[in-house]
């Protein structure tokens, strides 16, 4: 029982890391209907930039963190200007392909500037001591992740539901041409949503970077969160959080109890198996919007 | 005259965290060897290329080196590509020096043209088990990633552990990119071994060690060569102290051995990891082989192979234990140094172990 | 100075297909101007050229100028043109399917810097014209019936309160009762709010009834343009757009059949 | 008789290459491809690349890319599992070859096996669409990857599986040049098949399912059947590519058929041109040749500054990514689409408008 | 509007069971809280042009969707040609001989006109993915036979020779509507369901379309169910009319009867005079 509890709690906190990155994903999808294959690279860049401000320039962490956020917004704007703007109105699949190429570019950019070796936040931001909740132990950095995940959830869910800008952003995702005809600036919406997406990922990057150092392998997160976003439903922010947490818990529990029978490594594919099963029952994930089928 | 050498490295791919230093070390070694007079007057010319750990790309490079650059010796990298090129290497007769110290490559009957310079993983795992046993361990567990580098030595380890009478718990798989190993360690906790083998790379080793500390396990870890380097202490912090033991075939960068002077000098003030040194030695050995082949007047792949097989107790200046290849055994040596992480994250040498060179174990 | 003047424009799709071949038209402030023409004449293309939406369909204005309120607007981004006060109600019921009816209306007021209260008033105003929309307020627009979507599209135009509203076949798919109401609304918008209207319609009778000026388009060019009074009396217009027989009565569609078929046999 | 005349004109209208000029060109190109191996040594030294090897890779990828194009370009279902389906084909061929089956039996079997697996993982297309389906196929990639790695008794696990090169009437096709004809044959076959199937009833139904599946259903297209069929044919083709790969490389392991390969296939068809028969060909050429071309400056620079060759390797990746981005910005519909507009332009020239 | 009986109009008469081609029996359809159809029943006579009219959102399109099995009524039966089709799979409906056009054009936009029409012929063709892929012998012969049939019958009838090689997505609206009709005809239907075929057309095109529908009906003997808001057309070409409002049938009968029904005038037609007076014209 105690073991089970530990598994669930660890799953939840790891899941909150997935949730955070998944949310960046969902935010971009929700307002541009682009699947961003470079999300993992956003995580990577965010982590490196923060590390550079902090360890490289020796700035205090709060300042380094804020500057990282500023940088993310800047990056979102630049990407919009250079890459996304010319693609407005083009087939979505081409834009998705561009994000794949963008991932390559960002990754090699990082390796040119910071190399490929693992770097760590020095001195560490969070205590290495585990925090005890009864018999369950959790590292401090994960608690921060959980906090940020829910903070962003609250902010963005309200933003899209209630503000006019939020509604306009959803309109753009739905139909760019018509949105333009309403005077909605598709460019601005792209810039805003990619900035937000980059910002959220950067926060994820800083936190994950503090768990086990940073190197380009961190970009692998981009793929890991796919099951999470899909499970939650592509355009749902709350779904991304729930998807992330669910995947975290499931991989832990299935890994722990099934490894014995299947010879190990179940943890890595468990999320995908669960994903297929859930999708067969709920084809748009838990909270995704059903595509309108009408003639 | 120029002797061309193909180089297949991972500079931008998933193993680039260690691969880049390996590539850089090769270039430095080339310069060093040529500076020392090359191969009796001939220079070697390394053509290094990145394959980003994509196997088809490695095959591509290999074919280019053969058909365009006409090389007969190639410096390779990982287990995946070395394996993929094995049949081609045998068919085309090219000497292939890899950074994969996979034990299965050491049997010349199977793979006559494959060589490497570090103690093979199978010997490493045996030495680790022996060390654990010597420390009084009764129970032992294997932790490794689902990856050829992680999995290949496990059968050898299993067999040896049974031989020395250790009780083996269920294997645990921890991915190379894992950021958490709680579930695996909890599964292992029930068995509660005194020692466990980590067959992953540094990042995943650090995760395992940190989580073990977090969960309060008593288990100590013996780690294969790619999982124990200068970064481990940085990543795992205090958790590694007294808990992590590395099976190190090649001296860490800057270690206090005679051969290190040239290595450090070649780095021009930069600091590198042990992987730089590995590559350095690999090139040194290759150069020695080339020299002998040239002397014998057979500067081609079979000539180089034969020349390498005459190398006996080749002194690398303490960078590795002396190296010996024979026509029936391509294990370079069976000696490893065991390190641990000391206070403040320093790498501390504990002891050297030499395993018996059992001919039955060649290629296993 | 006219509010809108289109001078001799050429439009090309996909770099090869020339659709508008030197088209000119002007709209005076406060007028209702109707554009009639066969399918494929290029009416929608004209509107899209004005509103800047051509770009998203691989189209391009390659020659000529478009001026709105003295500002040259060809080449400008669509959203800036909207901000200047030009709003196009596109053909084909292009609603935001995944947004509710209400959200659709809110999105249409994007360029309007109005308070929440003002926004609600405008929405209620739209609902007062189209009560059916109020009933479906919280439903997703994608599930509305064809006519309901058409109402929504026009409602969106009303939300934006533009200086120039361009309507592309607003009566398409509406019931006869609603068709007359739509035209009534257009007249009201024009009279009460002073909105200038550029109207593309297939319902020539209604369009000519409410418009001040009319253009007839064929094959990417204006072939006829006059006040509606004169157009209504033009023989060709009467015959081809209003469906009058030589005797001045409306032909039955059944007779058309025999007439045409006979013609086909002859050729 | 007018009736007979009509008939013959429809048939003419139906030909793939409609003009003599075009036919002449195609014939010339084909002959050039046939005689190329005689000049392979010259080609190698001229270009500094192993051209025959590149040809072989292109042929193999063309087959797979055609397969994916059929699924994604024509039927509108994105697959991120084609790397793994290729692996299924490769392992099937490898295992059967080990059991002593001749390659001309083992190769089709590889296609059939891949088709079966592809159809199995295509089953979710019953309910899933668009990106949801894409991610479900990504699950296939990871699950199959896992199976290839862990089903050691069958696949040889991480040590890999050695395959003897193909023998054809006693000739061992173990050189690049001899393999060339084999690969060329299948690439041409796959291209013809794709062209034909897409202009016949089945292919039209695929496009209907892609464009408007609801109205496709109304005109009597069984959506489920065609979606699965598309998965089947598509994975059959990529399975053949896998089988060829196994015979070419002569050793296979799970590391050959990673997620990266799946993404690469997708990239090929998108950059090449979704829904165009030429798309797979252009895409395969692009993704095989461009990295090799970029290697030339990287190697040259490494020659001058060997100490920082790592940076050149990274730059090469970066430039590659940038070129792909630029291509897509300037030709979002893919190279094949550009090809068509260029041709249309010249056809009409000088009356291009 | 003249609804004078012209040659060819059939008088409505009592229906014998064997004359009924399509019958809707007490259809109920609901979306969440919305009752889209509540208890609609009517019969369509073989060879007739049956119009369905009603205000926007009345449920007309829903009826077609029920017949095509897009929507599942939770109560009621649909009988076609003597057979209950309430549980037939959607893609099977075409084989039975039911073809339709759509209110919002649902063509395959990326394909040429010819391919779109050929697709209509899908269920009447045989070649599969193997024979089609080889494209030899039978498959090719079949393609050419279909091509001949389409070109000579349908394309010729609808006068779209000039655009048959064009990609549908770039055609003007009116032609797209025609192509949609052509595609439906290629299905060799027994009954043709048309959802606002004249919407968005100018007078001349409306006349053409009316002519096509009459030709199809009279010369090919295809029964037509027609939804249309253009009352001129409905009055002139239909044999019988059903009027819906809020998902229920409020009237049925000959065009003339219906157009004089006060409920219909109030709910749907409005009087032209009233409209004009409101406009102040």
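Read from first to last, the chains carry the letters A, B, C, D and E; within each, the first residue is number 1.
Quick note on the criterion: a residue touches a chain if its C-beta (ideal position, glycine included) is under 8 Å from a C-beta of that chain, and two chains touch if they have at least 3 such contacts.
On a predicted model such as this, the values are computed, not experimentally measured, just so you know.
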item: Topological distance between chain B and chain E, in contact steps; value: 2
item: Third chains touching both chain E and chain A; value: C, D
item: Chain pair showing more contacts of the two, D-E and C-D; value: D-E
item: Separation of chain C from chain E, taking each centre as the mean of its C-alpha atoms, in whole Å; value: 27
item: Cα-centroid distance, chain A relative to chain B, in whole angstrom; value: 35
item: Approximate Å spacing (C-alpha centroids) for the pair chain A, chain D; value: 32
item: Cα-centroid distance, chain B relative to chain C, in whole angstrom; value: 74
item: Residues within chain E bordering two or more other chains; value: 61, 70, 102-104, 106
item: Multi-chain contact residues (two or more partners), chain B; value: 11-12, 20, 146
item: Multi-partner residues of chain D (each touching 2 or more other chains); value: 146, 149-150, 214-215, 218, 310, 314, 317
item: Those chain pairs that satisfy the touch definition; value: A-B, A-C, A-D, A-E, B-D, C-D, C-E, D-E
item: Chain C residues within the chain D interface of the complex; value: 12, 14-16, 18
item: Chain A-facing residues of chain B, complex; value: 11-12, 14, 16-17, 19-21, 146, 170-173, 175-177, 179-180, 182-184, 186-187, 189, 202-203, 206-207, 210, 213-216, 231, 234-235, 237-239, 273
item: Residues of chain B that touch chain D when the two form their complex; value: 9, 11-12, 20, 23-24, 27-28, 30-31, 46-50, 52, 54-57, 59-60, 63-64, 66-68, 79-80, 83-84, 86-88, 91, 104, 146-148, 151-152
item: Residue ranges of chain C in contact with chain A within the complex; value: 51-53, 55-57, 77-79, 82-83, 87-88, 90, 94-99, 103-104, 106-111, 140, 142-143, 156, 160
item: Contact footprint of chain A on chain E as seen in their complex; value: 61, 65, 70, 102-104, 106
